[in-house]
Amino acid sequence: MKEDLVLPAPREAATDGAGEPLLVVEGLRKHFPIKGGFPIRRTVGAVQAVDGIDLTVRAGESFGLVGESGCGKSTTGRLITRLLEPTSGTISYRGKDITHAGRKQLAPIRSEIQMIFQDPYSSLNPRQTVGKIISGPMEINGIEPTGGREKRVRELLEIVGLNPEHYNRFPHEFSGGQRQRIGVARALALEPKLIVADEPVSALDVSIQAQVVNLLQKVQQELGIAFLFIAHDLAVVRHFSQRVAVMYLGKVIEVGDRESIYTRPRHPYTHALLSAVPEVNLHDEEAGRRERIRLAGDVPSPISPPSGCRFRTRCWKAQDKCAAQEPPLVRLSGNRDGHLTACHFPEDPTIEGREEDIVLDPALAALEEDIERP
Amino acid sequence: MTTVTKEAGAPSPADAGAFLSVRDLHVSFKTEDGIVRAVDGLSFDLERGKTLGIVGESGSGKSVTNLTILGLHSPKFTTVEGEILLEGKELTTARESELEKLRGNKVAMIFQDPLTALSPYYTVGRQIAEPFMKHMGASKKAAWERAVEMLGKVGIPNPKERAKDYPHQFSGGMRQRAMIAMALVCDPDLLIADEPTTALDVTVQAQILDLLNDLQQEFGSAIIFITHDLGVIADMADDIMVMYAGGAIERGTTNQVLRSPQHPYTWGLLNSMPRLDSDLSAALAPIPGAPPSLLTPPSGCRFHPRCTFQDRVGGNRCVTERPPLAPDRASACHLTAEQKRTIFVEEIKPRLG
Amino acid sequence: SEGGSKGSSNNKDDEKNAERQQSGISFGDAKASTGPAAEVSGAKPGGTITVLQRDSFAHLDPGQIYVSDEMALSQLIHRGLTSYKATSDDGQKHEVVGDLATDSGQTTDGGKTWTYKLKDGIKWADGSAITAADVRHTFERLFAPFVSNGPTFIQQWMADTPGAEYRKLLKDGPYDGKHLPDSVLSTPDDKTIVFKFKNAKPDLPYALAMAGYSLVSEKKDTKEKYDKAPMTAGPYKIQEFKSGKSMKLVKNTNWDPKTDAVRHQYVNEFNFEFNKQYEDSTKAILDDSGTNATAISFSNQVDAGNLSKVLADSALKSRTVSGYQPYVGQMNINLSQPEMKSKEVREAIAYALPITPFVRAYGGTDAMEVAGGLISPTVSGYDASFDPFGKKKKPAGDPAKAKELLEKAGKVGLKLTFGYINTPEGQQYSTAMAAGLEKAGFDVQRQEIPAETYYDQVSKVKNNYDIYHTAWGADWPSASTVIPPLYDGRQIQDGASNYSHINDPKVNADIDRVTALTDPVKAAEEWNKINEYIVKDVVSNIPTAYYKQTQIAGSKIGGLVYDDVIGGVDPRRLFVK
Amino acid sequence: MLRFLFRRILGSLVILLLLTVVAFLLFFGMPRDPALLMCGKTCTPDALANIHHTLGLDKSIPEQYWIFLQGLVMGRDTFPQGPCPAPCFGYSYHTNEAVWSTLMDRLPLTLSLAFGATIVFLFVGLGTGLVAAWKRGTLVDKSFTAGSMVISSMQIYFLGPLALAILVYQTHIFDEPRYTSLTDNPAAWFTGLLIPWAVLSTIFAAQYTRMARSAMIEQLQEEHVRTARAKGMSRRFVFFRYAWRGSLIPIITILGIDLSSLLGGAIITEYTFGLPGLGRLAVESVQFSDLPLLLGVMIFSAAAILLCNIIVDACYAFIDPRVRLS
Amino acid sequence: MTSPIDIEGGGTSVVVDGEKEPKAKPDEAKQLEGRSPGQLMWIRFKRDRTGVISAYVVIFFFVVGLAAPLISKLYGKNPYTVYADERPELFDSAGVPLQPNGGISGEFWFGLEPGNGYDVFTKLLYGIRNSLMISLAVTLATVLTGIILGVAAGYLGGKIDYFVSRLIDFLLALPSQLFFIASMPVVVSLFVSPRDETPVYVRVVALISVMWVLGWMSLARILRGTALALREREFIEAAKVSGAPPGRIIRKEILPNVVTPILVQSTYMLPNFVTAEAGLSFLGVGLVEPTPDWGQMFSKAATELVMQNDLTYMFFPGISMIIFIVAFNLLGDSVRDAFDPKTAR
């Protein structure tokens, strides 16, 4: 890994200060229809994959989106890149509404929003050379950089830390980490302003993962590209993103700057999530295991999500109100600016799990009793 | 092509406490493209009731090692050399029928992907009951009851009914619980868990880890816990073995390996791993390069092409000579013990914050 | 089979057969017409015979019967006014006798008026009496539109028109109360029938013996449905008929042998099985075990593949009977095609055309004999020595001679469209024939014609083919059923049998002349002359082969005789040994 | 399940309906006039028109089609041959028989041929396939694989005549194939169909050997099979319980296709052995431009195919609970 | 976690990360041109002995087919000469060769055909030629249709997919043999044949079109599945995110990736078409005498004439067809294995 990447001079985005909202998402919904019925097939229900979320990504910032599997992270990403047609809500990019824009209308901003994918194997066409893969987007958008596309591709390869001589190779000749770099180079080819990265490192080994995270970080900081960084690994998101949103079952339940979310989470789910991450305590061997909040059961089905607060079925603080009323995403007292939480009974702003919060699986509780008895 | 130096001081087989001991294990596969040396000179011991964590990158031979213990490779394409002693009994040369008696009974296994690892055609209860019938000679009814009981034990609500379900009717976490129930149904002495939580969400992973911990206390089995997540292993293991390219490169208690690691690869792992409490101002320090191909493994120390401390060894030893792994607390590296200590304390530790 | 000497001895036999076949058939008197028929030697009653047939019977209504296998069947179930009576035990000599009629017919004016009287005691299978009204109905219904398959001779004679014009005489048949005028057909009493024609019809007794003119019950006439379930009068009646599968005949108890001079009733039952290809029936009969020992086929021959094997084995050969069929194969040259107007071209075709492919395709010389003329050995007037193009000597054709002629005509490379029947045999012989013609310098274009519609296609006046092969069999052993229908130029129309569209004034005139002759022997001679003129001078039809056939029966079948008139096994005299 | 069946049957009916349309159009595209075939030698335009009228061919094609459909559903009694109750396919032009009864006549042979052969080739083919998979890599496996490869490359029109020539004509060990009704004479039924069965089953069995073997081997590499082994289940148990179950799915898929083509009239087979089943009937119907018969056979064969499809799908559901429960 | 040492991609060429690697070692220069999956497949295929031998056998058949006129010329005969008329001394009057073994001799290597007495050797050569050409044409047409309909249905989805799928369902429900037989005359009659049209050419076209119409479904189904799976692949989404129009995606991203199933399927389809074509000729609705054809030879062989008198005739067409089909199927297996080394054999 080169320590100093050769990058073109940072462009305006990096300098004009984070703050300008680049992407504004309001009330975004995506419901996948379920076909069924008898005797004629019709829509009988919907997977409420994304159910009304609001997000703002500012220019040049990295915005993290975390949550458990199936909570709608990828769907959100794909809605924003307009791979999917939103059911309702609005997406506006630099003030322009692109919610239902067609391919032709999107053409001018296609080059500004790019995507990096999770699977380094399926995200590269096995039948194209690296050169073709990276120059593809330029070709499509008719971009003819000075010095020709090939030169630009070689530059890009260099930027992502690959040998420019690999221009004529095929994807299968690369390791997972290298493929992911090719994916990054492809995304960079159009000099985008926003990159949606859908779990770009979760398929990689730890040692490789760090290489890619570093690369992305450099790209973000030095080229001033904004990121919507989707991941389920809280530690990676913490490392990469300045602001973080936590999703649960198609909804954003908490959003805020990194500091605030990781050290002063207010939503019980965020608490649970943070405490569930297994951690190596490198320093204090005697400290033993940190107490954890254990959530029972699994995420409910997005086809028929619980009423009111969606987390209530697994929440140890749930009361009748939670079932009746959906908590709005608001700033709670004691929270920083921009730290919004959707909870009727928020936690204290700490990450320590308290004794009374620790709930066990009923079965586990029984087991533990068993063990203690003899 | 590669000069392989046999490990000088492999742990002696006479080690009385060892419940399972693996000696100089080599496993290679014949493939279209050549011979893949998936495990190359691996030795370790495991005591009763203890948990051995095996960490390593993808393709480092973790799964192969453990499948070999159970003799689950097709003999036609696989060559196994070395010894695997379970309670002093040699397994590599054991007859299939003897292995059958062991599998699921004394030694049980949990696989990584519970969806593909459970048969879609039979009910969960039946799949759990089968080994119980086979090994314990239980009647169908008794085995079914046992299966329901086990499902209850692993925390599946309403086990009586759910036992009649098929795996695809279970959620990911429940499937993994069912796998665990299946593995534990005959009260095994050794449980091999091959990345049992990798496919799961953190919250579910935490549930499963707790479950395994508690079950181990109840059943008293020894566990081999395979993972690539150091955080998980810190939670689970008594001892840790770090594998790289088919061999072990460091071994010790959890405390030793995590808090005073001695091998550049382990350092690299720790350095490249983002943690919730790590210093945000410092960038992650990845291990450069990519894991080697097992078809043409690097000569000498397998790690040398990616190692940043090679120059400190001096000479060409890293390239020509494969470092041995001493018994007990050990690391397979040509750096001197002193060098290792100082490098860790002075260069690595500060970066870990 | 082996060629050479054995073949020639065979040929001699055949010629001898032919000789007696052409000798005339006399018209029998009342005595000859009185039953019962003479016992077949060694015959005993009882037993069941299995009859293996290729085709199911499409028609059982006499008015619709015109194909040979149905004709064979009708010998057992239907009766007409006249019939052929075998006067020798070998099926070679015949006379026409009265069947339901007391004699073969009386004429007083040289053949214009014919009177028939019905016998006493003749009954339908249901026991009701057969009367003159039934006879009248039988003939009148032939004019109804739904009767479309049977013979049309008598209808045409009655209406005195060629072709299908005759129908105008009684447009819808007798069904809406209209009848033929007495000037044509009268039934003065219950037992008398009088036919009156404009011109002399000396052949009427022959014609009436055709199965197609067997009687139909007026009371039981169900029109179209009669075709599946007719009322019968013969010694057997239909007990069960599954079209395409099987048929069972049982004895008709209302049949009185004393009224029948030609039929027997030895066998208890006939079980027909259909869908038996020649190969199948031959194999089954060769097998000769179980029911196969009493199996026979009325119409199936020994198949081409097995023929030489069967004839080579004396034990097997003893179970076979063989003889000529009435058919003569001929290659028609379509005279309507401009290019075919040149006589040299036609002669070139005649010389070049190889006959061997045709013979080969149907099983070799055991099944086909190279023909010289258009009159079959079974018909009076046959002349074995007639062979104008040397086909008997050079059956593979004479391309050199043909080429010469073609060159003379300046027509080398002439395009010749050859319409052939799309059966395996047709494909085989047409290819080889084409090859032979091409050697002579023709450019032959073969065009397939589906087998099922073959005759419809080639009998169109405006067909596109230059040459095509047809076969024609005499309806009775006189060339009067060959030359006029095939070569009368006034008969050219769609669907008629003048396939080569020959319209030669001399031929037309001769036909008129010879038809009027009342002396059968003289007539036969004259017919042959027309035949020779057509082949040699007009060159519109090239004779290819006389059809022969060999049939085989199980070893327990007795009374096996090849009847020349029936053109196959005589079913009336069979018994189980 | 019931819903699924209902939906499938409904879909099949739609396909059958379309099929009749296609058959109709095909028929009218044929360059032959069935009336001409029936008209005989003295065919006049009048007679032809008359036949056209009695056959109903003088009506417009849609009208004829409508009449045909009506007949299918409600029966027709406008035929001179007699009434024609509900699934009325009419009367054959050529034989004048009711098409339905002709079909029913020919069906027993086709059924005997199809099911007889199927039973044999399933047992033999799957048996050898399983043995080969069980003994994978051994000489037995290799010879089975090679043998089945060669045999499955043979065609009925080669192996059939060969078997006939050798077993019937040259050595006279067997009788010429022929069909006798099972109820008439079971022994004759059996011996008469022996050679067709043997030939069909040989070819099919070889295909099933290959298929069963590769399906089993594929299944044996499934992870859940490995799990079963890791549980200590015996090899036989794993083989016959776990792998076998999964390998049934591809086998049943192909079996459905094969069986449906056998039931729909194995034309070449019937030709080779001279057996008058549905296949022969089909060819005859085309030969004689016999529209009612053609429609009857087409619908019948297609119904056999569709029925097999439905049964196959039902089998999937039976084998695989994922299908059953979704 | 996915293994970076991807066996399929050939672990040999995994490149170590850019930095540590010296810039283009001298011996690496030639390696810089990467190996495409196709090349890898080719390399793998070349290693498979059975596959290579089968390929040679298959090629042999094609060469024989192509060179049939030349071989016949050298051999000095053609399949149209009616030897029964040319050399009547060799036959009896029914056209059965008189010499034993179907008249095999130094002059007639494979003997003579009973009936018109064609030379079996040249007839077989031309028969192979005609059968292969027809099957090849059908395969090509089928592949094209399969690609167009299958890929369109799979990738575009929606109404097109629904329509194509129903069409496939429908065609698969047709009793195909019966349909062949019924539609052959119809198709032939579509080409109104004037006085001197070559019926052979019409027959061939009709044969090809009928087999094509009923032959494309299985491939289309497979390609639809492949396209459907490819549609979910992320590189397609990457192209979409870049604003690629559907045409380009199909051309550049989908088509190159369906080459594999097409190749594999074609190697299975072609022999099937050969046998199907032969079956039709056997039934008499395909090519007919005198056009030499494999299936028509079987049809001849199955006649009583041949079965009773000259079994030898069946030998050469039969054996050659078995060899051809076996070789082609083995080739198909090898091609599949070369593309997808993980499948078990």
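Per-chain residue numbering starts at 1, and chain names A, B, C, D and E are given in the order in which the chains are listed.
In this section, contacts are C-beta pairs under 8 Å (C-beta built on N, C-alpha and C of every residue); 3 or more make two chains touch, one makes a residue touch a chain.
What you are looking at is a predicted structure, and each value in this text was computed from that prediction instead of being measured.
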_Going by the touch criterion stated earlier, list every chain that contacts chain B and also contacts chain E._
A, D
*Would you mind checking the shortest number of contact hops between chain A and chain B?*
1
*With respect to inter-chain C-beta contacts, which pair, C-D or A-E, contains the greater number?*
A-E
*Please report how many Å separate the Cα centroid of chain C from that of chain E, as a whole number.*
51
*Which whole number of Å gives the spacing of the CA centres of chain B and chain D?*
55
*Once you find the CA centre of chain A and the CA centre of chain C, what distance in Å lies between them?*
94
*Round to the nearest whole Å and give the separation of the Cα centres of chain D and chain E.*
25
*Multi-chain contacts in chain D: which residues touch at least two other chains?*
32
*Of all residues in chain E, which are in touch with two or more distinct other chains?*
1-2, 4-5, 10, 14, 17, 19, 185, 299, 307-308
*Where does chain C touch two or more other chains at once, residue-wise?*
279, 450
*Write out the stretch or stretches of chain A touching chain E in their complex.*
1-2, 78, 81, 83, 103, 106-107, 110-111, 113-115, 117-130, 133, 136-137, 140-141, 161-163, 165-166, 168-178, 183, 186, 190, 203, 205, 208, 211
*Note which residues of chain A are touching chain B in the complex, please.*
1, 68-69, 175-178, 205-211, 213-214, 217, 232-236, 238-239, 258, 262, 272-274, 276-283, 285, 289, 292, 294-296, 298-299, 360-364, 367-368, 370-371
_Quick check on the complex: what are the chain B residues that touch chain A?_
57-58, 152-157, 171-174, 201-207, 209-211, 214-215, 217-218, 228-232, 234-235, 255, 258-259, 268-278, 280, 283-288, 290-291, 352
*asked:* Considering only the defined contacts, which chain E positions touch chain C in the complex?
replied: 80-82, 84-85, 88, 91-96, 115-116, 185, 193, 195-196, 198-199, 284, 288-290, 299, 303-309
*Going by the contact rule at the top, pick out the chain C residues touching chain E in the complex.*
1-3, 278-279, 303-309, 354, 356-357, 359-361, 363-366, 396-397, 415, 417, 422, 424, 427-428, 431-432, 435-436, 445-448, 450, 464
